[in-house]
């Protein structure tokens, strides 16, 4: 089954950090070498390292012991050489970039690439494939917003971290007659807030897909207090917004002017305290949601993804992304997977389940 | 949607302990009351408590705060009143038992039952339905051996506990040039050993479905030592058996003469030490695999299962069991689900994935 | 040893939430009943509940199963009836308050009190004893700032939570070439930042007791980057301040105008990013530091404290506080313990140890 | 303060695995290099590696990132070259061994040694010092049985692991009306069983120092059942023994005929089930107690120990061991520390505390 022309592949990890990246790297390296005798090159710091030719051979020994370690041994970078690389002389010009990369890969005898990343990383991979680079994608994100796959690795780990935080905050909220606002990641989609909120017994869950009405939130907090509950837990995605008008979002900016961390938790906490008179405290989970060892679910998914990515390469099914569909690992089109993001639909069954166990989403239905 | 005759339902939890039981109880109680105005009766200690009429009303307050607590607030029992209840005068006779139960339920105005349990508990539920008792089932087991559902709640939590133990044992094995044998639950199926073994980076995984050859195991342990690996981790399900002949199983008996805990770990550890000359240590995880707070995956699945079970009752779809199929919660026939158990098939994709990352199963393939 | 007049004691928990409170309550209730036949009354919501006469009998059953649960089953309150109770008619006047309380206790046949709390709670207890109320104190705080005791319960749990967060942030920092600022509790003392910082391998630790020089911090972050370290971890207590001039502190206000949560982490993160050009991210741990199950150390200390508090009462050593001195539980004067708080001294040996393993404190020494 | 003749020191880790070993290695390496410009040589696999001259230089980079990792990067070995090395030609003869080692160290320009280990390792260190080898000791053991130090690192981590197991087993015991026997390490001393048992709320704690009476244990289990408690937790150290006569101990043998793992848990479980009629389950925690990341307490203690060990070497205080006394790190004589082991004395205050909260030790007092 080994094609003559496949002797060496490269792997890179892009975008934000995410538990399970190392598990993918390990599975790709081991599967390629053990099953197909293919050498694997680790490309450091994502596409930036690709154009800078920061390459390391990944032997079985290099990937030993990393299955349960958070982060990525390859490093990652949010700098996009296809945008910022021209003025630095790293890449020639938009028209010639991919030709440059093709030649670069040829020079290093790298026959194909595995790109592990979120929306942004995979979109670049889709363009690379269009430009004739043999590449396959592996979807990664704690947001779970990649289309064409039921779930991404990293998401379950982030859900677990948020859920554990909710467990901890429950005990302290209970002792103090308090409302606890917990801001979690999710600038455009609410999967993390939804799943973690249900798993952690949140009383109110606010997500970007369901604009909320403050009065409904206040009313729930007050009602719980009236019936003798000593606390309310409000889980809010950083991109949640009030139905009334403009977004509540008032986050920090990063170096390039992008908002990097929500401030909605703090704003909402102030509003709830004013609106209900009930003492309210805010916790912003921040980067804790991206780190730590992956859960069993994510280790298994990441390992299967890595294995399947090598399978796609060996079968020369380039331009594809590995995906979870039901119980099976499938291949889907990179292009299709990156045309839009996957958000929580109004008919998602978990919304109804959450409402039945007493959670509200701050809209008319609850 | 509320049928006039459905005012009160009972719920019982049977079989071995399992993380997520309380999450099901909570979801059933809250959904029934909040959505349908149905009162929920907690039946203590499984079917034994049913015939003894050990009943408690479960209000919303009773199920508050139990989502993340292991065990079951209803208690459970392995005593089967339909076998052991006759001589104690609890039940009349095999022929009349179900009629007795029907009248008992009528007397307490209990219109339908939710039975949460494993293979045994669900089989009794199937018989109850045959005998005309309006009942629905919720599959539970850390073994994941229930047919017609992709997964049962409790299983992911058990996988996590075993995986965490493997993580811990890795560091100690590494310091000592040792082989570490870890015996996990699984008398007839190997799902737990397989998933936890892959998630925890086991070098050898032995499961009941794949009879193993000791020589292959010895050879792998020696080979790893030769190439400079300081340790090997062998994950063995308590029901694993040698291909050579009789089972290695030499477990303890419980009161009724059933084997309750394997001894294969210990036996295998001795054999490996003799067969390889490499110092070998054995850990039997035992009841740790059944306890502790459920994982996010299990809390979500259990909550969805409980919600769906009430749905089945309200729609009077009795004789059904809730099940996970792909991403969806479905109803399947209790009878069909309990005719045989679900074991790891030879073509399970995870076997191939495991082999690619270097795990062997002790048979010719690896 | 049982005095005739000691038949009933009350216990209250005051101030901020803290892991181990339930372990103290359990130990007091069990020791009093099992060893001395004394009935224990749980006073709800601290001194506020005392003057409102919110009392519950605490039986052995009530305190069963709470050893490992965070928070306090008695609730707590930051409202001070001796300040806010007069205008509400709860208490007569500053002069007559303690007489009122004495009569109130007499009416309920409560012969003595155990006050579990931090600096504020214990100071009120000292005043109560001056006014003739038979009371003993148990020191509690995650800040570890109570004098006359080597350590308070809750502190080790908070250290563990911060340390675990640092472990998680390490993996994500490493993947991204980043500086990570972690803001931890500690408005006036740096014990938590210091111990957690050393246990979690922080590169820079900033505490209120050691005014820091920004330039020294920037230089360390840059230096680590120069020698190829992909990250720096900066642990900052919310009350840390620059040596240059005014405090950096820009925290939120609570209802009564007190600052409740630092903003120094955010400020410092901005400054580091500007000052070094290295991408910097901020995590504010917030209320996570107060919740969750207590560590083994804290369960043991809290249990011993609770046991010793009953011992003091039985021996009628009122006006005393239980304390850890070396390995022993001792009694110290409540008055002496509350005259000032305990801060990190310049000659604390852990500072030198931290410097030796490469941590700096942002002052001239490092 | 740097002596001319101290340019290079060696460090070895001996005996069983223990959380915190890497923290000591890191502190020794960093302190020696950062503070004193001393080069540190890692000696692999304890004394066996010393005589085999398995040496590696330990740079700051080598010890970076190991603070929170269980096990030891130096490896360890239970093989004693001073016993087993003669026939293999590794060492000349009992009389000449230390002279050989002295010359070997000289040849490698190693000016002094740090030996990190338990009773056995430290005893050899004491002999080495007698023979003129400049050596200092660091006490390590999960048993906490080293004299002259209040606590050893590793012990608190083991206590935490056992306590967490007890927390998990509580929930499953509660659901099943069961007695749960948990066998923990401790062949000759009961510190681990005692502290973990109290921290985990054990109902019965059996330790080697207090011979127990089975009847008292049975009676407690039955009594709890009578008053409606659904479970009993029995914590038993592997070296606990019945007062009646011979030890119950029936453990496995290792290669050299030493008993390596108790069987008392299993025996006791059978006896309790027979003696009380209550269903009883046994969990043997085994090697889980030695692995995993160290707790905050142990990381701090191990770091302080490593720092202090270098201090002793620089001050040429050889033949000493670092020790925790109250809150301070002190130096004590290696000889004195290894003449006998430290066991739980009858007047240990924690015994009385445990009895007050309802725990019995199976003797007349409870």
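Structural remarks
Letters are used for the chains, namely A, B, C and D, taken in the order the chains are written, and counting of residues starts over at 1 for each.
Simple rule for what comes next: a residue touches a chain if its C-beta (ideal position, glycine included) is under 8 Å from a C-beta of that chain, and two chains touch if they have at least 3 such contacts.
Note that the structure is predicted; figures quoted are calculated from it, not measured.
Shared contact partners of chain A and chain C, listed by label: none present. In the contact between chain C and chain D, the residue numbers used by both copies make up over half of all numbers at that interface. Chain D has its Cα centroid 36 Å from the Cα centroid of chain B.
Once the centre of each chain is set as its mean CA position, chain B and chain C turn out to be 42 Å apart.
A straight line joining the Cα centres of chain A and chain B is 31 Å long. Shared interface positions of chain A, i.e. residues touching 2 or more other chains, are given as 167, 170. The full set of touching chain pairs reads A-B, A-C, B-D, C-D. Across the interface of their complex, chain A is touched by residues 13, 17, 21, 45, 69-72, 75-78, 161, 165, 167-172, 174-177, 180, 230, 252, 254-255, 260-261, 266, 273, 279, 281-284, 286-288, 290-292 of chain C. Per the touch definition, chain D reaches chain C in the complex via residues 26-27, 30-31, 34-35, 60, 64-65, 67-68, 150, 156, 159-160, 163, 167, 170, 195-196, 198-201, 229, 293, 295-297, 299-300, 303-304, 307, 310, 325-329, 349-350, 352-353, 356-358.
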